Amino acid sequence: MIPHAKMLNSQCSILTAFVQKEFYHIFRDIRTVLVIIGIPVFQILIIGFAISTNVKDVKVAVFDPSNDEATNRIINRLNASEYFNVALRLNTISDAEREFKKGKTGLIVIFGENFGENLYHTGDAAVQLLVDASDPNHGQTVASYATGVISDYQRELLRETDIPVRINSEVRMLYNPEMRSAYNFVPGLMGLVFMLICAMMTSVAIVREKETGTMEVLLASPVKPVYIVISKLVPYFIISWFIFILILLLSVFVLDVPVTGSLLWLNVFTLLFIVVGLSLGLLISTIVKTQVAAILASGMGLIMPVMILSGYVFPIESMPPVLQWISGLVPARWFNEGAKKLIIEGAPVRSVLKEMSILLGMAVLILTVSLRNIKARLE
Amino acid sequence: MIIVNCQLISKNFGRVVALKNISLDIEKGEIFGLIGPDGAGKTTLFRILTSLILADSGHATVDGLDVVKDFRELRKRIGYMPGRFSLYQDLSVEENLNFYATVFNTTVEENYHLISDIYRQIEPFKQRRAGKLSGGMKQKLALSCALIHKPTVLFLDEPTTGVDPVSRKEFWEMLKKLKKEGITIVVSTPYMDEARLCDHIALIQHGQILSIASPEKITASFPEKLYQAYSENNYLLLLELRKNPGVKSAFMSGEFLHIVFKDGNVDGNIPNLTEIEPTIEDCFIYLMNRIADGAEILPGSAYN
Amino acid sequence: MRHKTDCQLSIIEVEQLTKKFGRFTAVDRITFMVGKGEIFGFLGANGAGKTTAMRMLCGLIEPTSGKGFVAGYDIEKQPEMVKKNIGYMSQKFSLYEDLKVWENIRLFAGIYGVNEKLIARKTGETLERIGLTNERNVLVRDLPLGWKQKLAFSVAIFHEPKIVFLDEPTGGVDPITRRRFWEMIYESANRGTTIFVTTHYMDEAEYCNRVSIMVDGRIEALDTPRRLKERFRAGNMDEVFRQLARKT
């Protein structure tokens, strides 16, 4: 028992020493650290500034079958506010969808039939607000300003007539998956950054030891090769997690992304993807011999597909079927889809079961292959 | 007592023959030198003996352990310093040493007596990053790291290459002290003049051993009388000697010409002619030429 | 100190040559001259300043102060002329491994502005002299080290420079290859080419006609190897070097 415990203890201290050494390497190369942390911060700030949440002169289309005093007063009020510009009157409801697709109209106001009559007689009338939420942030603001204008009118009416009127404004956010938005960008950015840190930096860190010859000494020592490698993964795992939290915080506080889903499962899901990235880095490091080759392999083999095939830059739905199929091999694609559901839609964990199991399968497969590739000797 | 034993070790990399039928024995507690130029196969032999690569054929034991079967146990007992010193350039002197101590499951304090002589010279710079050290200091740190677990056999692959003469001399003095501690030292070097600092040497070229013996025995068994000469213009003298029918061979060696006469017939007209003891380099050249002439190499003997 | 007449015989003249990087003085007021056809050894430990000094002599960096003439040209004012009139070879990099023997010759001759006809004629001559005629179309990486060295040296002197700089030309080479290489260097010197060897291998130093030993940016000794060994009562150049390094 005791010798066993002692051995375990010594293995632990070896691992600790390795991990500590790895952190020294990372933090003494301050430029790389800045780049790692800088990329997500910089990108999020850019998105934050580029996508303005400032609502002004939003183009409004109106469908008004009633065309009475009440609806006109509401329309005039909207038009009078600095936020809206009523530009269009629709003849049929079906025009609404077409208007949105053109991408210029931000809000469509649809009055019910006999709006004024209903309002004065039953004290109850309905208006529907269709909001373009392809930038959900912007959409939220538009919706709240519009409902604000309507409830202003309602209060005015109350003062004038003393009748308890109630205007039911029903807001519908129309989410257009084809459109880019800050929200969509966040999971894609995470996928890219984790591939950079996990795969590229891990493989470079391991291969560097081969190149400088220190791996030779470590291999000639009693340390099990798998320990050498695992200790390389730990720091990048921790850094990735830290950056995940950083991105999440920035998203919430800079981009106002409402993270509604379960934080626990979001973390579990992301860590799973990080493990996939680390095992890819490990796999590369067992194959290549130089740092340049490691950068090329991870850059061309991993980062490029993340940019092109994960849905980060080009939507997968609009790809030709062959590319869609290939994109299925890119882990970031599944991360992207799952993270969108978890972060943006606030969907429950069972809705990402498919993505989770695919990522888990990938992690197990790649990790097995690369651990098998680790040799106790030089090639 | 034999502590390192190689029997008919061969290794090819693709079509390149790195080692061909290497057999040698190394005595416990001696300094054994592997002398040969770049590409002779020194590093490959070291890697086989330190269990880092597998030989294609033949077998070897170090400290009684088979380098293939018992490699886990072997790795606990040997110390290895590869050609490029293998230090972490971005870690400090102290951090490098502590790290390697942990790797070998020991502490710096435990075997400090073994490295104290060497380490004390670089201790004033212990906060400095290894990458900022001079060649000589790197060499001392790498040696300290290789010694920290008190290995029974220490393998040093070209520890003095690219190091200035002062540090080289100091380094060999350190090796002598370590020998007194009972550590067997196997060292490789391309410098022929370092051969005489070893107890036994193996001259190695093109993956083959030319000769194994003590340096004295190797120079003593040089089969010819060797002379040196020099003049104001050594090149013209060399051309003259090559034309001289009484001269068997003549070549440049530093500021002198080294000459062997046919049948010992010394020609008196050569300026500044004196008989000299052959150097290891002279022997190496002689043996290389014999091989080139098609002589068989028999392992374990100087001149067959 | 020096006479004007020396200029005809000397290929390198250096006076009080200094290079400072910030507050660090890499080369500290060195003065020496090298004669035509001389094999001059420029020794020093790593970091002693010999690489910096050599770079100034090749016109690659400007001196902070002092004067230097190489092949009759001012290293400060006419660095382009200096570069045209020197050859350079180092053991580490001299030839393109993935080019054929004749392609290497052609490339480097072209770089030094040798005209096409002359290249064509001299390539054959050169290959014959070093015994590589049959290897004309072989990739350099497939040549044995000794042959590569011969080729590299021939390429360095192809444009018939007055002086050729050799950077640790024979470090780590087997003794036969080394001695053959030195014979080649001697042959070339005998034809009037000045050879400037920078090295920290003391056994290379023994082959030189005269050597200078640099310690901490200064030339601490300059003489023939024999006289240096006598002066320091040393058996070899290694010991001479050690005594000089210890003094400082």
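Which chain is which? They are A, B and C, in the order written, and residues in each are numbered from 1.
In this text, a residue touches a chain if its C-beta (ideal position, glycine included) is under 8 Å from a C-beta of that chain, and two chains touch if they have at least 3 such contacts.
This one's a predicted model, so the numbers in the text were calculated from it and none came from an experiment.
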Least step count from subunit A to subunit C, where 1 means the two chains touch: 2
Taking each chain's C-alpha mean as its centre, the one farthest from subunit B: A
Whole-Å gap separating subunit A and subunit B, where each centre is the average of the chain's CA atoms: 60
Distance between the centres, which are taken as Cα means, of subunit C and subunit B, whole angstrom: 28
Subunit C, residues touching no fewer than two other chains: none
Multi-chain contact residues (two or more partners), subunit A: none
Residues of subunit C defined as touching subunit B within the complex: 45-47, 145, 171-177, 179, 182-183, 186-187, 189-190, 200, 202-203, 206-207, 224-226, 236, 238-239, 241-242, 245-246
In the complex with subunit A, residue positions of subunit B that touch it: 47, 50-54, 71-72, 75-76, 78, 80-91, 95, 98-100, 102-105, 129, 145-146
Residues of subunit B touching subunit C in the complex: 36-40, 134-135, 161-162, 164-166, 168-169, 190-193, 205, 233-236, 238, 251-255, 281, 284-285, 288-289
Complex contacts: residues of subunit A adjacent to subunit B: 10, 13-14, 17, 21, 24-25, 28-29, 212-214, 216-223, 376-378
